[in-house]
Amino acid sequence: MCLAVPGRVLDIQERDGTRMASVDFGGVVKEVCLEYLPDLQVGEYAIVHVGFALQRLDEESAKQTLELFETLGMLQEEFGDPWDMAAEAAGTPPPSHEEARK
Amino acid sequence: MKYIDEFQDPELARRLLDEIHATVTRPWALMEVCGGQTHSIIRHGIDQLLPEQVELIHGPGCPVCVTPLEVIDKALEIASRPGVIFCSFGDMLRVPGTGRDLFQVRGEGGDVRVVYSPLDALRIAQQNPDRQVVFFGIGFETTAPPNAMTVYQARKLGIPNFSLLVSHVRVPPAIEAIMRSPSCRVQGFLAAGHVCSVMGVDEYPELAERYRVPIVVTGFEPLDILEGVRRTVAQLERGEHTVANAYPRAVRPEGNPAAKAMLADVFEVTDRSWRGIGVIPASGWRLSAEYRDFDAEFRFSVEDIRTREPDACRSGEVLQGLIKPHECEAFGTLCTPRTPLGATMVSSEGACAAYYLYRRLDLTPAPREATSVV
Amino acid sequence: MSDTIDLTTSSVDPAAWTCPAPLRDQSRIVMGHGGGGTLSAELVRHVFAPAFGGDALAQLGDSAALSLGGVRLAFSTDSFVVRPLFFPGGSIGDLAVNGTVNDLAMSGARASYLSCGFILEEGVEMERVARVADALGRAARVAGVEVATGDTKVVEAGHGDGIFINTAGVGLIPDGVDLRPQRVVPGDVVIVSGPIGVHGVAILSVREGLEFGVEIESDCAALGGLVEAMLAVTPDLHVLRDPTRGGLAAALNEIATASGTGVVVTEREIPVPQAVAGACAVLGLDPMYVANEGKLVAFVPREHADAVLEAMRAHPLGLESRIIGEAVAVHPGMVVARTGLGGTRVVDMPIGEQLPRIC
């Protein structure tokens, strides 16, 4: 369910009494209905599903999540390399670490 | 794309995986509820990178898969009528009803159109005042507000030739149905992030408490899914069962109040049948009395169409993680992605369809020399 | 199931096991029969090939390699029903030339002559027909091919979609060139000639109301020159395909099935332009299944791979050529992608046309 994609609001206009926005998805612009996020502003990101903005994307929170990930997984020396072990268990070739880090 | 690419970063994925591997001490069965998450798991090969002890059971959260045969048959009947323009999301066209699908209806002369947004269907209705335009309103809580908006606007703008064939479903009752099954194996849930973007998380603490399962609201990119797994496993290892939000950039505790208000106005809660599972109480929405005039079931008098699901299909057991897809007698013989019998083989996100692909790979040695070339 | 049918050996006809009763209750043609995927293949296998017979057709390639009067000819035909007729970066006229020229090029042949049949709908504006004809003539001159014969029919209003075009073409296959999937062996290197998915997204942009900040234009182009440059390095290329309908996924699956080898690609190496990735994200499509009209995928013996890649990158239509994977002995008939995270996934043959999805 629910293929929803983050996009950035480029401009906002009324059309037939409905609040609509042009939203940029990595260079692709699509018309999106803002009726459910009436206070969304130009420049903000929103989660868009079937042509509707359904939730504002909280950029600060995204940043914090990524920062949290940065601090994880410093334990591998202790337990062996789980990446390789997982790949081994799945019967797939482990990528070299350099590759994985690219 | 911003806010997608960062959440696919291989190095951060590795850190999350390291952390999960370091945390797990025994087997756990988690269910990702949403078909979009299943898709992402398969698409990125995430399940192969998790510790062997972490089993992901693919849940019933694919609206295409769970739309009951009966509703598909109603759609086929309506779409076959002269003067009707039948609009649908692309996913639904290939889903077989009894004996045929919407593609075939189009081949037989029916006017079936794929739309990206339900508003496109409303526009088609405005442009074709002498035709009946029907939109196939399927989906979970994420898709329900957009679909509700069409009916709201049709009434407001006076577009009498528009109607909605409604088959909306709700996630929390499905979680509850799964947990109530006596043979349930699920120990923790990755809740569907975009459903919670709309609905918030209010509905979950009670479920987590009653069934003593951790429920972690989870996003859709690889890092989001790994984070959902990490936090669920951490809770299980500690013996906890709370609701956590691992997708805070898109989910607020209160959800989207405007969308929830629209849902409450346009829809009312009803029992719904799920393909392959059966009727789950209070698990769906139908148009409320005020909007009944826009209900395609009544407008086209198809409410009496009753279809039985095929007996051979055991997708209900698959969806609950009771059997693996290939343990079903019909798997790969009577039932394939081309000739699906039930929910889980229908969409590429369904557990059986995903398994069908991987089973073929499992039967062969791993492609080890792949590393040498690129 | 695995007791009775071994799904992994190439000796099993995939159509026979994915569909126990061929064309099961498909009593009518559906759009997917023209989508270049499983349904198209079944239609050809179960209806056309048995009815027509003949050895040449049994090749089931994009073009047939024939011996005639002591020379080896490539012969191909293609029909064009694209909507809209004009799209960013081209028109049905360009496609009609380049589609057939490229089918011939995939046999190693430089197209010499084309035929051109127009099926016009009553009422279509003369100006549109003239614009299409102009585009077609221009494309033919660029490709260095001559339109030698043609035909025109008109159908009643409502029985067509404006303009349909069929072209057929012939060209000579140089000595020593033998491009067939059956020649692929494990170890062959897979090269793609540039970013994928551009044509399909350019068409979708018009149909789905997408706009692009940067103009995204179809990659529609004639590949004869690029193929000549590759064959100049060595005539010993194993197989070429232009990944049109069904995209790279369909082309690789066809080769894997016909060659009986497995194919492994590394997703990170497959060039996908940002706008294509964005459009695919919004519509729920996979770039590997999106059509191209000016790209090719080549299976090249390992010892020639670097030189062929260099020659491709020196050609204007191959500047961004990349090695994306290789043929392997394991999982014969299957295409497997290594994902960015280091997992794997099966890249299946598309069943019919790709549709925007919501979930």
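Chains: A, B and C, in written order; residue numbering restarts at 1 for each.
The rule we apply is simple: contacts are C-beta pairs under 8 Å (C-beta built on N, C-alpha and C of every residue); 3 or more make two chains touch, one makes a residue touch a chain.
For clarity, every value in this text was computed on a predicted model and none was experimentally measured.
> Which chain would you call central, comparing Cα centres to the global Cα centre?
B
> Which of the two pairs, A-B or A-C, is linked by more C-beta contacts?
A-B
> Can you compute the centre-to-centre distance for chain A and chain C, using the mean CA position of each chain? Integer Å is fine.
One centre to the other, that is 32 Å.
> Which whole number of Å gives the spacing of the CA centres of chain A and chain B?
So the centre of chain A lies 19 Å away from the centre of chain B.
> Among all residues of chain C, which ones touch two or more of the remaining chains?
If we look for residues of chain C contacting two or more partner chains, we find 209, 274, 277-278, 281, 338, 342-344, 357-359.
> Could you list which residues of chain A touch at least two other chains?
1-3, 5, 25-26, 49-50, 83, 87, 90, 92-93, 95, 100, 102
> I need the residues of chain B touching at least two other chains; which ones are they?
Each of 1, 4, 10, 35-36, 45, 47-49, 62-63, 89, 116, 139, 143, 365-368, 370 in chain B touches at least two other chains.
> Report the residues of chain C in contact with chain B in the complex, numbered from low to high.
1-2, 5-8, 17-20, 24-26, 28-32, 38, 186, 189, 208-209, 262, 264, 266, 269, 274, 277-278, 281, 283, 286, 323-326, 328-332, 334, 336, 338-346, 348, 351-352, 355-359
> Write out the stretch or stretches of chain A touching chain B in their complex.
Per the touch definition, chain A meets chain B at residues 1-6, 8, 16, 18, 25-26, 33, 35-38, 45, 47, 49-52, 54-55, 57-59, 61-62, 64-66, 69-70, 72-76, 78-79, 82-83, 85-87, 89-93, 95-96, 100-102.
> Show me the residue ranges of chain A that touch chain C in the complex, using the header's touch definition.
Of all residues in chain A, those touching chain C are 1-3, 5, 7, 22, 24-31, 48-50, 83, 87, 90, 92-95, 99-100, 102.
> Please give the residue numbers of chain B that touch chain C in the complex, ascending.
So the residues of chain B in touch with chain C come to 1, 4, 8, 10, 13, 35-36, 39, 42-49, 62-64, 89-91, 93-94, 99-100, 103-104, 106-108, 114, 116, 139, 143, 222, 326, 331-334, 336-339, 347, 349, 357-361, 363-370, 372-374.
> Within their complex, state which residues of chain C touch chain A.
205, 209-214, 268, 274-275, 277-279, 281-282, 284, 338, 342-344, 357-359
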